[in-house]
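Structures follow.
Same chain, two partners: chain A is paired with chain B first, then with chain C.
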Partner chain A sequence: MKNRFRRITGVAVAALILVGLTGCWNSRELNTLAIVMGIGFDQANDLEEVEITAQVVKTKGIKGGKNGGGSSQEEAFINFTEIGTGSFDIIREFTHVSSRKLYFTHNQIIVIGENLARSGIRNTLDMLSRNHEARMNVYMLVAKGSAKDVLNLKPELGEVPAMEIAQLMEAQKNTSHTPDTFFYEVTFSLVSKTAAFVIPTVEIGDSAGRKVLIVSGSAVFKTDKMVGELNEKETRGLLWVTDDIGSGIIEIAVQGVTAELEIIRSNCKITPEIGADGSVKIKLKITEESDFGSQTGSVNLLTMENIQRMEEAQAQEIRKEIEMVLEKTRTLNADIFGFGEALHRKYPHQWESMEAEWNEIFKALDVEIEVETKINSIGRIDQPNYPSKE
Partner chain B sequence: MNNGKEQILSAQLMFSVGCFIQSSTLLTSFIADVAGNEAWIAVIASYGLSMLLVRMYVKLAKLYPGKSIVQISEAVFGPVLGKILSCFYIWFFFSLAILNTSDVGFFVNNFIMPETPKMAILLMFIFVCAWAVRRGVETIMRYGQLFLIMGFSVVGLFCILLFKDMSFDNLMPVFAMPVMKYVQSIHIVTIIPFCEILAFTMVFPYVKDQEKIGRSLYIGMTLGAIHLLVVVLRDISVLGPVYTHVTAPSFQVTRLINIGNVITRMEFFYEVAVNILIFFKVSVLLFAAVLAVAQTFHIKSYRSLVIPIAVLVICISMAPFISAAESGFWGSNIAPFYSAFFEIILPFFTLIAALIRSMIPEEGEAGLK
Partner chain C sequence: MQYYESRLKIRGVIMFRENLKKITYWMVKRQLVANDEVIGERPPVQEENLSGNLKENIARIREEMGNSADLVVREFSCGSGRGMPVALVYVDGMANAKILNESAIKPLMFGTGLKNDACRHGKCTLADLKEKLLSIAEVNTLQTLDSLLQGILSGDTALLADESREALMLTSKGFEKRSVTEPLSEAVIRGPREGFTESIRTNTSLLRRKIKNPALTIESMTIGEKTRTAVCFAYIRGVANEELISSIRDRLKAVRTDAVLDSGCLEEYIEDAPFSIFPTLGYTEKPDVAAAKILEGRAAILVDGSPFALTAPLLFIEGFQSAEDYYFRSYYMSLVRVLRYISYIITIFAPALYVAITTFHQELLPTDLLFTMAAAREGIPFPAVEEALIMLITFEILREAGVRLPRPVGQALSIVGALVIGDAAVSAGLIGAPMVIVIAITAVSVFLTPNLANTAAILRLIFLFLAGFMGGYGITIGFIGVLIHLGSLKSFGFPYFAPFAPYRSADMKDAVIRSPLWMLATRPEKMARRDRKRLDFFVPPADGTKNEQGE
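What follows is the complex of A and B.
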């Protein structure tokens, strides 16, 4: 009797565990998911409203290895657009037109239209911070024009525009003319009282008659509104200071010929100093290493004196880029370098009084730039391809 | 109630204490809200303070070897007053079990499965805990050993994976907050992770080597403190200014791991690890509550009490607070004082009374042991 009771209990317990511990309550089958690859936010015609474009993958349109010719002309993605006031509400509204509920965990990019960027993005992005499906390391972009157009552009090399853009962002490390900004980095700056941030810009341009997406330069945001733009050189100046340089080419002129140097690595140390009279000075020390890429002309730049000249010219070029961006941000009055934060870390007590007047202090900030460069490798030839001078 | 069959080695006690403190890593949002980016200082200072406070428990164990805190209360204060004190301890362990279980419910509900009703989650969770308690304390302590190592491995792994996202600048402004904040945060960290090992005083009767109890407790606490410090440092250095804004910093941090686009979405490791650690903590607390009831009312075996108490725990942990905001307020503001009463004040008076008792020579009494 007791044995049978035990067996029945055992079976009951096993059944209970099977049912209870598999977590089926929240399960969603794969074919009920609309996997969102990219989201775009635009300002709708009515200024209070936001237009959200969600790019969803259509798995049928992705050509497999076998279909060579492309007999099916189906696109691999579809863009849904909705207008409304609250982000979460709009995203749920998509279920009116989409047969599947949108699934955000594979989202690659967030694109913000320029108009919305200028009027403030903090409130629109609150939902993305809070929602447990939205991920924090998603690329952010500002579209010159509207985000909807950017997401609609059929890509050349890939199949889904959002993935194309994400890969485009990853490739930006090679020129370092654009930062690659993640969503969580933006939230860091939104939380700070004095910090400003940059988001890369993307626009639809023309290249040999075709429309392509061009990513270069960045948009400067103060608090959460876009206040200005930086061009490529200025953006790279910013990246020197925030240590986000990947690779890139620096062009210099030495001894009447031009040379191109490839950046290998760079490091910047920010040291704030408060003088005895209360004046604030920021010291930047940049150490950089590069490789010799190419040169024009017949003068051999790989002599000891010329290498030194090149290193100085390179330092000068870097200093110029940084000074360009410093000037631009002084007019925009945006502390995108994190100088305020650096001061806060080193002088927490003085910072309390400075924080409120940081706008004025930043304009008059004295920045000292010290650059040290080194040229490492010289390439496979050590003289330019000219007949040697006898 | 010294069940001669069950014996716990001092190494098991040591590791279990460490594991118990590890389980509190889910609660770092309490500390984060008060101390902000200087939470790590609070952790270090609290560790020092807790070492002093735990000496009380060790001293009591030395004065009355082989007895749990409930039995000690009875021995020191006599049958009537001792039982009243024991009821306090019963309530304390019971309430801690409820609070931790509701934390699990909140965590799973908020982050993993939003639509699952809490009853399903809690029922499954407490079912396993009650099963473990019925198996006996030796089983639970052995789990502690295993889970401590697991906890360290998981945290170590995440530290390595997150190394490129850490920026130690975020730790920097130190001692920039008003003094009361430091006092408050040290208070919280001392009481909530560290001194909750009062629960282990219920386990003392089963420990084989009574002299080594002190050493086990201290080393275990050190292990747990190291883990907590590493977690707090890692979270602050990765999250920086958002550390105070995020609901569960340790969880959020694991969502940022992205190595070569291949190693991503590691948060499932963290979810599993946290579930396992809290399972251990609730098992110990449940055991402490059940054994306390058994010892107070002189019931021979605690095993029959496990299921009723477990069911009560499930019921109350469905909704101990009105809202999540109240839960946060409780953790930062009320819990330190509430727990301090049971963890510090009661043992302190017990210790004083025990010391006075040991100084008065026994006059012909058979002894209340």
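What follows is the complex of A and C.
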């Protein structure tokens, strides 16, 4: 009896000790974390090397916490910069300057400097795609200039630049002048053989004498290198095709006055076709609905005929935007629309022979655009805000 | 193959329990056997009959009682003439002297009920007295000294006569007892306010008044070698399961202890899972709750001297039910019941989840919340798990102190407690503000399920340790363990976790929600086997003409 009891106690004690000795794997207290909000990649002066900027939040500086807040002098963030060859190595090197270990799960944005973007981003991003701590649903941006400067600019409204940029990206849905590209989308595109992709661009601009961040337009990437840029109109032309339109304003001229229409919803159907002679044709059918937003002049645009005219003008405008971007991408030779993927899905067998010469095919691709638009609502007043003529 | 593996696992569980039993046996044996000598062996009790001599019997009684000061022996002669020497023996304060004066001594001394010659000359028997003279409701005849002593110690009075080997036991209980008052532990807004008292007779009468049915059976026995406490258990014949009743009877008979001072003392001897942190016997202070449980097919165990009745079997869900659930309308009470389940989950998991998320899974927090929490944790000297532990222990100390202290002092204490654990600790930078909120919600939530509060306090600590060691993984393991344990528990043969596991759809009507009373048509499954139907179905109002089914 006594013997058995000893054995049981032994096992129990061993189990207890085992629980204690496992340590607390992966356990980290909140105040030992350096919460990274944004990460920037730049090309260092030495072309072989990368410069990484990590933006870390100073939780004491954030308002709301009882111990922090208040002092407006203190900035709520701190940027660490390190230069090296491998990005994983550089991130570990941050321990030399930061007392806390960088913590990436709350990262909001990845900013890539233009120089690095033009020389290729594949190798730099591998680490972020692989590491379990880094999230995939992170906004990607290309900085005109250096990413470091973008992350260094203290925003006027927010407290942390990276959060400010992330919020700016959220707001871009309202104009549809900027794509919102997530990190996972870039990762998918990087492993695709034909696809090109766009990443929104951010630059430091000037607004009423203050330095501000401007997010607009986009950078076109082919394979992993930036090859060109799209302006706002061209970007929206792209978004019509990729079905990423959120909202936005279309300006049209009808009957000698200007009308502004608000995009409510839009749908695009891409139908690739291979003709009998082997020629490839892409059919785009865009169905758009909008609300009448404002007008100039005293002409009442809200008559049946004028509404029809506006719908036609709107379709024309949309077609123009799409044609602009088509033209641009033909010169850049970058299939950012995913026409190749659509063709692959519909004609998997023919695609095999086409894949190798897709670049050539794309340049001469016949794209047929069909736009159907509709104006739904006219707003609160049904006359221009001029005195009635009668 | 899988079958054998599961059998092996079951064997493992049984072995674990057997080993626990052996360890406790070994620890108890160490107490009982000192220097190779078994202590506390009780000599067998031998039955001693009364002798035919009055003086001798009185002397024996005095001897047995150790000449106690409160023993009263009143000797007098019965009847006219020389009379018959008799003696009344009772314990002062236990017996009602007024009853004895009016209904025993007076008729015995001056009674004219006996007419025949034999009696007139003091030659009558106790049976004659019982039949003709004593105007007392309950009179029993007994032969042994032991039962006589037992009787007078319960407040009855013994009538001894010379030349008789028997004695009469006159019921004359008249000790001081607390009146029926509102129970403190189970306050209600609506519903009966009377509570059990310390007197077992009052308690059985309270039950009888709720259920005026001859099928309500009250079985009685005496438990406790020293205290000789009266214990009753009540059930409805034909509703309660016979196996349950015989099992309660057997377990009560098997109790070998010297003292039963409260029903709580009895609970630990008869419960199913002595090593479990979950109680498998319920308790209540309210006769209406006890009656409701009896009507569901359960049994109530009453202990003399305790205002708490035990109810058996106990199911897990009973911790989430309260008497008022059935006195208010069902919609609100269903909401309250759901709230009780939520609050029980909060009270067990909140500190553990907070620790797990802030030390292992920071990515689960929304970014802005992370900033707030990180800012609050800035400069806190303790790791989150220690912080939680300190706060939990402080809370348990305050709670315990508040419960035991007299009420005026308790109020002062709660102010100190609120200041200490609420404000001062935060402003001193010892404890983070979010932790205070977590502990506060934990502490408040526990009061929704008072019967499970003690269990929750232990579970909470276990989960906190697991969260501190292994984060969410640890909590998951612990939760699975608790579920397995709940699934394996039984209370008097009834699965503890029913109606969830085993799932019994018929009983779900009164589990998570409380259906309207007219929908509670059957008693709980398996509990009442023969008489399961509670009511004929009808949708109110029942006006006598339209209450046919389907109307």
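Here, the second predicted complex is superposed on the first by the 361 of 390 C-alpha atoms of A that agree within 3 Å, B and C clash if a C-alpha of one lies under 4 Å from a C-alpha of the other, contacts with A are read in each partner's own complex, and residues count from 1 in each chain.
One rule holds for everything that comes next: contacts are C-beta pairs under 8 Å (C-beta built on N, C-alpha and C of every residue); 3 or more make two chains touch, one makes a residue touch a chain.
What you are looking at is a predicted structure, and each value in this text was computed from that prediction instead of being measured.
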item: Touched partner set for A:Asn137, first chain B, second chain C, both or neither; value: first
item: Chain C versus chain B, contacts on chain A by residue; value: C
item: First, second, both or neither for A:Tyr184, with chain B first and chain C second; value: first
item: Which superposed partner A:Val57 touches (first chain B, second chain C, both, neither); value: second
item: Which superposed partner A:Ser192 touches (first chain B, second chain C, both, neither); value: first
item: Touching partner for A:His106 - first (chain B), second (chain C), both, neither; value: second
item: Interface residues of chain A shared between complexes with chain B and chain C; value: 20, 26, 135
item: Residues of chain C that touch chain A when the two form their complex; value: 19, 22-23, 26, 358-360, 362-363, 367, 370-380, 383-384, 426, 429, 433, 468-471
item: Contact footprint of chain B on chain A as seen in their complex; value: 16-17, 20-21, 23, 25-26, 132, 135-137, 184, 187-188, 191-192, 341-342, 344-346, 348-349, 351
item: In the complex, chain B residues that touch chain A; value: 110-117, 120, 123-124, 127, 169, 172-176, 240-242, 245, 252, 255-256, 258
item: Touching residues on chain A, where the partner in the complex is chain C; value: 1-2, 4-5, 8, 19-20, 22, 24, 26-31, 33, 35, 37, 57, 59-60, 62, 64-69, 103, 105-106, 108, 133, 135, 163
